[in-house]
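Each of the next two complexes has chain A plus one other chain: chain B in the first, chain C in the second.
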Partner chain A sequence: MTLEVCVMALGVVLMLADFWLPADRKKFAGYAAVAALAGLLFLSFGGCGCCSLSGTAFNGMFVEDGLAVFFKRFFLIAAILVLFMAVEFSDRIAGGVSEYYSLIVFALSGMLFAASANDFTMLFVSIELITITFYILTSFQRGRLVSLEAGVKYLILGALSSSFLVFGIALVWGTTGKLNFNELAAVAAQFESNKIFLIGVLFILVGLGFKIAAFPFQIWAPDVYQGAPTPTTAFLAVGSKAAGFVLLLRVLFTAVPTVTAHWANLLIVISGITILYGNLCALPQRNLKRLLGYSSIAHAGYLLLGVAALSTSGQSALLYYLAGYLFTVCAAFTVICLVTRHLDNDDLSALAGLNRRSPLLAATMTLAMVSLAGIPPLAGFFGKFLLLKSVLEQGAANPGYYCLAFTALAGVVISFYYYFGVIRAIYWSKAAADVSPISLSGPIKVALWICIAGMFWLGLFPSKALNLATEAASVFAK
Partner chain B sequence: MKLEALPWIILFLPLLATAVITLFTLRCRTKSSLISISAVVAGFILSLVYIHANGWHSEHTETSRTWLSIGDLHADFGLKLDALSLMMLLIVTGVGGAIHIYSFGYMHEDKSMARFFAFLSLFTFSMLGIVLSNNFLQMFIFWELVGVSSYLLIGFWFEKPSAGDAAKKAFITNRLGDFGFLLGILMVWGLLGSLNFGVLEAVMTTNPAALGCCATLAGLLIFCGAMGKSAQFPLHVWLADAMEGPTPVSALIHAATMVAAGVYMLCRTLFLFDANALHVIAYIGGFTALLAALIAVQQNDIKRILAYSTLSQLGYMVMAVGLAGPTPAMFHLTTHAFFKALLFLGAGSVIHGLHEEQNIWKMGGLKKKMPVTFWTFILGTLALSGVPPFSGFYSKDSIFAQALHQHNYVLFTVAVLVAALTTFYMFRLFFVAFLGEPRTEQARHAHESPKVMTLPLLALAVFAVIGGFIGIAGLYGAQFHLEGESLTLAQQFLEPLHAPFALACGLGAVIIGLIAAFILYKKAATDPLPARLGWLSRAMRDRFYFDEIYQATFIRAHDFIASVCDLFDRWIVEGACIGLVRGGTDLTGRALRLAQTGNLQTYALLFALGVALVLYFALGK
Partner chain C sequence: MDSLQNLIPETMLPDMMFYVFAGLTLGFGILVVANPFSRNPVTSAMFLVLAVISMAGLFVLLHAFFLAAVQVIVYAGAVMVLFLFVIMLLDIKDEQKRKIKKGFLLAGLLSVGTIAGLFIKGLHATRLDAHPSPTTEGDTALLGKLLFGQYVLPFEVVSVLLLVAMVGVILLSKKDLK
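This part shows the complex of A and B:
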């Protein structure tokens, strides 16, 4: 709990700081937030009482276990990288830069609660804390019409999905009388044939499916990704998606494991279609952020492979993949954020001649695309390898898994086309309109190097991170 | 083994230098070159420290880590540290260090000097990797890395089309040999079940017939690798063209180290070769030596003469290996590294002083203008010709003795003939370029090179003179379990007297070559040989038309196959297969995009439909 309280306090302090900080020192607030979060992250590894490894709070609503700790570190790193980006982005935000920082920190606290949620009430509250913060973060560039439009779309569709979610929770509570995951798990077997109960669980999955942008609830993602300010998009792609996944894992494997076992086919189909949908739609895309939006749908599909495998190895593969995805996506969005500083649009053409304008940015973007495409020796390759392996392991029990693995491979092959299109735009564009070098500030270089190091570390030395992921996933084995 | 970490540091220092230069200091020329130079010099010093601590023949000669292990295949990343590799270590870092320092002066005007040093360090790393490998797999990886860095360095001045072509030619020719090498490695692995040199040697010693009927084939396939790297006939064509690279590169890669890798590899794995394979190797070596010596007689480009001379000397070494004499082969490799690097650097100094003039007939009278270069060059020439007591005399004599010892009189005659030719073409070069009167304005205004270039010349010259009797042969002899006793300095000095016939023939060859060169070239204004020899001279000048023959046969056949494959790829694979799939995928992508209207009501509708779909799928049945 200490961690969540600290983060909340940090958000409040940041917001209050807005009153006293002079306008030209606002940047400083962002770096201060980064430093504070980095300190918390460090403490979480040191085990200084900030994150004791097990325990519950609020009558079992809040649980602190291996999975929660894994995701909390994940969210902290994500928030740090996003804050670096936000500082660079601050000159494009009309007013209230400190508010922007503090909203990111509030969203982070929602994610931290989500990582520990062990109760449907907690689940709903944490999801709303994240989502409502994101409504504001998405429409933060009040001067830009697309930003506002994205905010409104996200708000309305988000509200729609929340209504399904809360309705589902109500149905589950109505039939079983339980809200706590562990208590529900004990009685869920009796309700396996109760249609109302099953509809309730499905509605909850709809709400979570919206968060992770899985088919058929993916429709909002490209529009919102494109319109939102770039740091928001990055946080949405990494943090919000990961929060959706941790809750999905908790619901499926802690709350209703017996029901989940019957739904292997449903998960297989959703995962397969999500992969194909994301990759196919990304093919003709010329807008960078939109392309990454579709790509994030495809990656939700890959991550669902780990859920569909219904095994501990699948879950640990999912966690590992998320870790690689974090560094890769943050790298890509940081580059976009820096390149489009003086541009109105985020088209692929903005990248033309980037290798001459800033070799570091060009190299980072290339590595990010290569990692997303899943080519060794980068993180994306090893993650995909683990996911496919976990799916194939289940193939003996259900031939559908072989079809799923094949679909995923086809998706990967398709994705090469558009990922390498990005690389081609960087290095082999005919005419670059702007060839002025891009100057990078010190902190953003640090952020880029963290991303690059993360991609390589996870790809070259997977054992350590994989151990962490396996440890975290072992929560479900009990 | 004491100081076990040192060899690892020595190996990875140059790689670190490459990384640092490429990533950080590419814009700063001086800093980059200093990083590269200090990496290799530090490697040399650490090698000396290591040898001082462990001696040449320590008990444990291997240190390794498991690199990967898949099923039955366990690949180690290990270092082998016996006398053979330690001596090579000293050559690569020592001679390499001298050449690095020399390059600092030679490349000073070049704007891409930092890139040059990055490549040079990459090469040093790869070469050290070959030398220190304790297994075939690792050696092959570094073998290829050497190929790549050689490609990069030959094509360093890539603006010149000839440099680009030469780089490609070297790389592709090497790849041909490497293909055979890889097949040989796979065959050895398949038959003997290991790739570690130590294990292989143990297996082959206990059971010499372990390779069975494939022994000759396996040996020859492995020899293919050496054929490419050490430029043996018929893959010798790349080496002369490789002179398009900067001269220090020619000295380092195409005289002292990389081309020696083939010979080193043969000596390292000599236990794998049966008598038939060795026989083939010996004759190929002898033939290459003779062929290249003949070609060298009629070349006019100073670097090309040296290049063909290198080919010829490599032929000697390969021949010695084939005559079951790894000690003479490695001995000659070592002395050759000293004096050939010296000669190339001297040639570089001449070229530098004459503003990129390479034709010897446009030089002349350099004796007074470039005294240091002149004196060191003559020492190198004497050593290469095999004049006693210079180093080349001892190593060449041991090869003659080996041929006699094996009663192979054909190869002995060839070797003596090549020795005469060697003296002839080297003194031809020497008389024409250094003595007489300057033939052109440029030669008249030649200037001596700066200190940073002449000091490495002096250092190498010392070893070119004394290299024959400081115990190098004894080191190798102990490595290959041939001679037990260690000789004193004086005994080594007089060692050739043990084979008086070989000694007499060798000296006779030197004297004949020297006299012929003196008569023909002492006062010649133009080359008198074309008039006297007619077509033979033209054939020698045109390198016996090997390039043209290859062009007409292999390359044309290859072009034909390539164009057929191109058609197949373009119309069948790309057009029919990929085209249909791609078109279909693209169309689907565009169609799906239509659903993404941007209209909120549509989205909400689709969302609700999605919910209905999921409900139907999960509960409908």
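This part shows the complex of A and C:
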């Protein structure tokens, strides 16, 4: 709990700091937030009270186990990288820079609660805290029409999915009388044939499917990714998606494990279609953020492989893949954020001649694309390898898993085309309108190097991170 | 007073009050959407207030006093004032002249009919001899204890959520940001 309280206090302090900071210094409040979050992250590894593995609190609503700690560190790193990006982005926000930082921190607090949610009440409240904060973060550039359009779309579809979620929770509560995940697990077996209970669980999955942008609830992702301010898009792609996944894992494997065991085919189908949809729709895209939006749908599909495998190895592969995805996506969006500073669109052509304008940015973007495509030796390759391995392990029980693995491989091959389109735009495009070198500030270089180091570390030395992921996933093995 | 008590046994009073409030709710509800005397949206909104207040009476009969109070304060008070503001701010001259289209009427009747059918089917399926034990749900003291005891964590997180929403509304609607 200390961690959550500290993060919320940081959000309030950032908002209050707006009163005393002179206008030209406001953007540097972001670095203060980065320093504070880095301190909290450091303390969480020190194990002094912040992230000790110590059971539950608030009548079992709040759980602090390996999985929660894994995701809390994940969210902290994500928020740190996004805040670096937000400082660079601050000159494009008309006003309220401090509020932008503090809203990012509040969204982070919602994610931290989501990581520890062990009760449907907490699940709903934390998801709403994240989503409502993102409505505002998405429409933050209110002078730009696309930003407002993205905000409205996200608001309407988000409200629809929330209503599904809360209706599902009401049905589950109405049939079983339980809200706590562990208590529900104890009685869920009795309700396996109760249709109302099953519809309730299905509706909850709809609500969570929206958060992770899985098919058929992915429709919002490309528009919102394109219109939102770039740091928001990055946080949406990493933080919001991961929050959806931690809640999905908790619901499927802690709350209703007996139901999940029957729904393997449903998960296989959703995962397969999500992979194909994301990759095929990304092919004709010329807008960078929209392309990454479709790519994030495809990655939701890859991550669902780990859920569909219904095994501890699948879950740990999912966690490992998410960690690689964090560094890769943050790297890509940081580059986009820097390159499009003086442009009013995010087309692929903006990258033209980037290798002459800034070799570091060009290299980072190339590495990010290579990692997203899943080529060794970067993080994305090993993650995809683990996910496919966990799916194939289950193949003996259900031939559907072989089809799923084949679909995922086909998706990977399709994705090569558009990821290499980005790399080609960097190095081999003819018309480079602007060849002025891009100057990078010190802190953003640090952020870029963190992303690069993360991608290489996870790809070359996977054992340490994999141990952490396996340890975190072991909470479901009980 | 004595004669009234003799006329109606005490146990029957809540039942009669139920019919009174239910009738009032339905009557005002009809006046909201199909008032034969006035097509003014403000009149409709005022009838909606009355419908909401009669519904609060139904909650009182169910011993849900807190819900009744919230119904009056939040819906009849705050939300309806908001409705009236919006109606008065927007130009609603067209609405008064609008004719009821046959397609909409048909769709409306169809949906009401379906819901009514489901209700009747549900009522038939229920055993009327079952006597549910009277519980004191909706008691404010109990609700307070639950909110600040068992559910204190979600309750506090909601307060952060409201703060975020407030900041967002100010940011998105302020005239000029510095």
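Heads up, the rule we're going with is that the second predicted complex is superposed on the first by the 478 of 478 C-alpha atoms of A that agree within 3 Å, B and C clash if a C-alpha of one lies under 4 Å from a C-alpha of the other, contacts with A are read in each partner's own complex, and residues count from 1 in each chain.
What we mean here is this: a residue touches a chain if its C-beta (ideal position, glycine included) is under 8 Å from a C-beta of that chain, and two chains touch if they have at least 3 such contacts.
Just so it is clear, the model here is predicted, and its values are computed rather than measured.
When both complexes are overlaid on chain A, the residue A:135 reaches chain C alone and has no touch with chain B.
Looking at the shared chain after the overlay, A:160 reaches chain B, while chain C stays out of its contact range.
By the document's definition of touching, of the two partners only chain C reaches A:8; chain B does not. Of the two partner chains, chain C is the only one touched by A:125; chain B is not.
In the superposed model, A:99 makes contact with chain C only, not with chain B.
Within the superposed three-chain model, A:59 lies in touch with chain C and out of touch with chain B [touch as defined at top]. Once chain A of one complex is fitted onto chain A of the other, the partner contacts of A:263 are limited to chain B, with no touch recorded for chain C.
Look at A:74: by the touch rule set out above, it reaches neither chain B nor chain C. Contact residues of chain C toward chain A in the complex are 150-154, 157-158, 160-161, 163-165, 167-168, 171-172, 174, 176-178. The part of chain B that touches chain A in the complex is made up of residues 585-586, 588-590, 592-593, 595-596, 598, 600, 603-604, 606-607, 609-611, 613-615, 617-619. Per the touch definition, chain A reaches chain B in the complex via residues 152-153, 156-157, 160-161, 164, 195, 198-199, 202-203, 205-206, 209-210, 215-217, 219-220, 222-223, 263, 266, 269-270, 277, 280-284, 414.
Every residue of chain A that touches chain C in the complex is listed here, in rising order: 8, 15, 23, 57-59, 61-62, 94-96, 99, 102-103, 106, 109-110, 113, 121-122, 124-126, 128-129, 132-133, 135-136, 139-140, 142.
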